[in-house]
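Next up, some structures in structure tokens.
Both complexes shown next keep subunit A, but they swap its partner, so subunit B is in the first and subunit C is in the second.
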Partner chain A sequence: MAKLNRSPWLLHYDGSSCNGCDIEVLACLTPVYDVERFGVVNTGNPLHADILLITGGINSQNQAVVQQIYSQMPNPKVVVAVGACACTGGIFKECYNIHGGVDTTIPVDIYVPGCAARPESIIDGVVKAVGVFQEKYEKYVSENKERKRSS
Partner chain B sequence: MAKQTVVPFGPQHPVLPEPIHLDLVLEDETVVEAVPSIGYVHRGLEKLVEKKDFNEMVYVAERICGICSFMHGMGYCEAVEHIMHVDVPARAKYLRTLWCEMSRLHSHLLWLGLLADAFGFESLFMQSWRMREKILDMFEASTGGRVIFSVNRIGGVLKDIPPEMLRDFLKRFDDMGADLRRLTRTFLDDYSVNERLRDVGFLTKEQALSLGAVGPMLRASGVCYDVRKTGYAAYGDLEVEPVVSTIGDSYARCQVRIGELFQSLDLIRQVGEKMPTGPIAVPVKGNPEGEFFMRCEQPRGEAVYYVRANGTKNLDRMRVRTPTFANIPAMLQTLKGSQLADVPLLILTIDPCISCTER
Partner chain C sequence: MNTTRLLCCLGYILLAPFIGGLLDGIDRKLSARMQGRTGPSILQPFYDIIKLFHKQIFLVNHSQFFLVGSYLVFVIFSGALMFAGYDLLMSFFALTTAAMFLVLASCSTHSPFSAMASQRELLQMMSYEPMVLLACVGFYLATGSFQVSDIIQSNLSPIVFLPGFFIGFVYILTIKMRKSPFDISTAHHAHQEMVRGVTTEMVGSLYAITQIAEWYENVMLLGIVALFFINGNPISWPLAILGVLFVYFLETLIDNTTARLKWSKVLSSAWLVTLLFGGLNLLVLDLMIKYR
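Right, the complex of A and B next:
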């Protein structure tokens, strides 16, 4: 597990999931699984979030919403696709209204498999995301320093 | 007249686990009208019948919604079984009933938790979900899945519950009764919960009937109607008495759902006593031909499955009318005249399930 220097906050958005993965994400927050022990807090505000957790695929209606949420999040940001639907479209891939996985719309860093994804694997995904976040953050800071120095 | 403002609510909103969008027309703090717009979770899975055969559709039906997943699968299976004149073995029917009631338990506990979260009672939310995990454990032990089980098939069920496991389950459910009573006492008697729920979001009996409300929403307004009375699965052999309240406000809806928790425990006990032995599935040959309407009572109310088959392995049409869809007009009615601060709570009192509404 990556060494954590800060507590990344998490935003959950339900794309077009069947609720299966959705509910499992919520279950991660409750006493039995409790992701808060990793310093991860669930927030409802994209401006407060570092990690975006998306369940379900992208359809014509929610595409703009997902894009907007992603652009509202401050840099650096990490996206986790939870469940088969969010990874590829899953069982609904052939539906007329499904464009496919989340990566058809925004860049995805971590893919969590499963239909429904189990809370253990969701937590695993979140912990990995925290690692990715740390890396992105360090890169972001050093780039910024460089930019300041050259200007 | 005060000036009117329109406040957009959703689709991404802290209190909603699922996306729904409402335009709230406000006069000061009072909602005069709520205009819903939906479609954020629409997948178009009914049309998948053209690509997947009628056996594969069982798994698609289960994924209409991950909360009532078992009931969706069962409703679809019973509809197809009816067309094909399949005689489902008694044990399969009882197992289905058991899993149905377990689904109702976990769904109502989930709702209680979300409700507590909506009015800011965080520890009550955690406690409800802690209880819910116990039921998920039993689901996992008996089916292998926590939320999506895939144990239904046309002609019966795929997994059996051995007698020792069933005995163990019944004992766990017995123990759960006391815990549930302690938990629900807070919902029913606590001062702050009462303050939030009482006299909020009235729906009269006439309104409930004319707007076509279903499930706890309907029963909380004093209408005694429960589709389990029609006796699908093994409900015909069991005693089901609908839980009804006549008050019609948010408190009544909470009361009805809590009553149903104990009703489910009672039904599970009855299932345990009467569980027959024998096979759990029969082989099914050929393709379905004909059409059928199947109704079943989900935690959120009456769901309708319409299936039309043409003798090939792909169905002509599958249509699902889900309970939340039927409850949206009633929800809009309760929102009219409410305070802005109560809106999240009122949306939650219908126990919205958007993914099944939009499919």
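Right, the complex of A and C next:
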């Protein structure tokens, strides 16, 4: 089984975030935190991404967008919800247009709490997501094998 | 002689992806250090390729595989021709064909980002092609042959006669290697307005194949840079390697210190440099040959 956990490529999507978490996500790429040392690349392309990083809650306008981005990502893929809003809807939860956290729309693997989530905890979440990515890959391979055997 | 040709050719086909990948890794590490970061491991490009080969594939259409495969095959073919010591002109024509296959692969997907990037890729080809052809002419005038095997046996390094051509070639090398300020069709960095340019719709192993083809292409282009330094004397070989490493460092430095230009500036500046340095050098060389 190949080791895929050395090359996690991220896609960052801003839901209805106040931009606090987005700034912290970008801070992870700066010289102070430098996530590229783990092989992380911030791609702008869902077709090349392994990990979907979403900040902010899901609203009526972006629900379809998030679903489409998720469906465009090739398997295996991992979703990380960054910040209180992405986890549960946060302080916007009761708003008329907010559906809630990211898990109301797509399956979420890792929840990173905080308002705004600190860069250290985001990196921690990404590192955990990398572990999940490897697990999902192994599951994906075994599922494929079974499908081939049955056909 | 034929055995040497075969060995060089095989050496290129087998080793070029490793050298290209390693150079890519060094480039990423160097870039990180220039920006005050630690940066990824030098082997990071290989980890990325392995991962890409294990991802699920989405094919937009079936011709995509054929076109991307052809891009790889033609790049290998052109490099193999050069490293086996055959005709330089032929090798460059094969490289242009390879670039056309990449544009076709990108066009075939009907993505607006790919479409925009393929048009820009064609503009880039228009910018660098005159200098590439001029460089071939320069090698012919300096050494009396288009054959790489003859060029490396000349008495003096071609750079002595071709300093202008060398400057022009290094200039267009930045376009060929997709480095800033000329990364208008696709780039190695994210957050571009055209997403990933020509490779936007290439998923998993398809994207990995374009990456490997790019490594082959880079090694071939750096081989041309080495050709400027190599002569009949064996001491020129280590000098050529040093020259190549210096040029590669220069490309990384340019990549990290410049902002992206608009396509019109890319075209006009590339043609200006070609005309100024390549053209003047050609004129002087021609006069030298006439009055020798």
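What we mean here is this: the second predicted complex is superposed on the first by the 145 of 151 C-alpha atoms of A that agree within 3 Å, B and C clash if a C-alpha of one lies under 4 Å from a C-alpha of the other, contacts with A are read in each partner's own complex, and residues count from 1 in each chain.
Keep this in mind: a contact is a pair of C-beta atoms (placed from the backbone, for glycine too) under 8 Å apart; a residue touches a chain by one contact, two chains touch by 3 or more.
What you see is a predicted model; the values in this text were computed from it and never measured.
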Checklist entry - What is the contact status of A:Asn45 with respect to subunit B (first) and subunit C (second): first, second, both, or neither? => result both
Checklist outcome for this item: subunit A contact check, subunit B vs subunit C, more residues touched by chain B
Next on the checklist: According to the stated criteria, A:Asn97 is in contact with first (subunit B), second (subunit C), both, or neither; which is it?
Outcome noted: first
Checklist entry - Just subunit B (first), just subunit C (second), both, or neither: which does A:Pro31 touch? => result both
Checklist entry - First (subunit B), second (subunit C), both or neither: which does A:Ala116 touch? => result first
Checklist entry - Looking at the overlay, what does A:Asp14 touch: subunit B (first), subunit C (second), both, or neither? => result first
Next on the checklist: I'd like to know which partner A:Tyr70 touches here: subunit B for first, subunit C for second, both or neither.
Outcome noted: neither
Checklist entry - Is A:Gln61 touching the first partner subunit B, the second partner subunit C, both, or neither of them? => result first
Next on the checklist: If I apply the document's touch criterion, which positions on subunit A are contacted by subunit B in one structure and by subunit C in the other?
Outcome noted: 31, 43-45
Next on the checklist: Can you tell me which positions in subunit B touch subunit A when the two form their complex?
Outcome noted: 11-15, 17-19, 39-45, 47-48, 51, 59-60, 63-67, 69, 110, 113, 125-126, 129-130, 133, 136, 145-148, 353, 355-356
Next on the checklist: If we count contacts the way the header does, which residues on subunit C are in touch with subunit A in the complex?
Outcome noted: 28, 32, 35-41, 44, 47-48, 50-51, 54-58, 190-192, 195-196, 200-204, 207
Item to check | Contact set on subunit A toward subunit B in their complex | outcome: 12-24, 26-27, 30-32, 43-46, 56-57, 59, 61-62, 65, 69, 91-92, 94-98, 115-116, 118-119
Checklist entry - Okay, in this complex, where on subunit A does subunit C touch? => result 2-4, 6-7, 9, 31, 34, 36-39, 41-45, 47-48, 50, 74-76, 137, 140-141
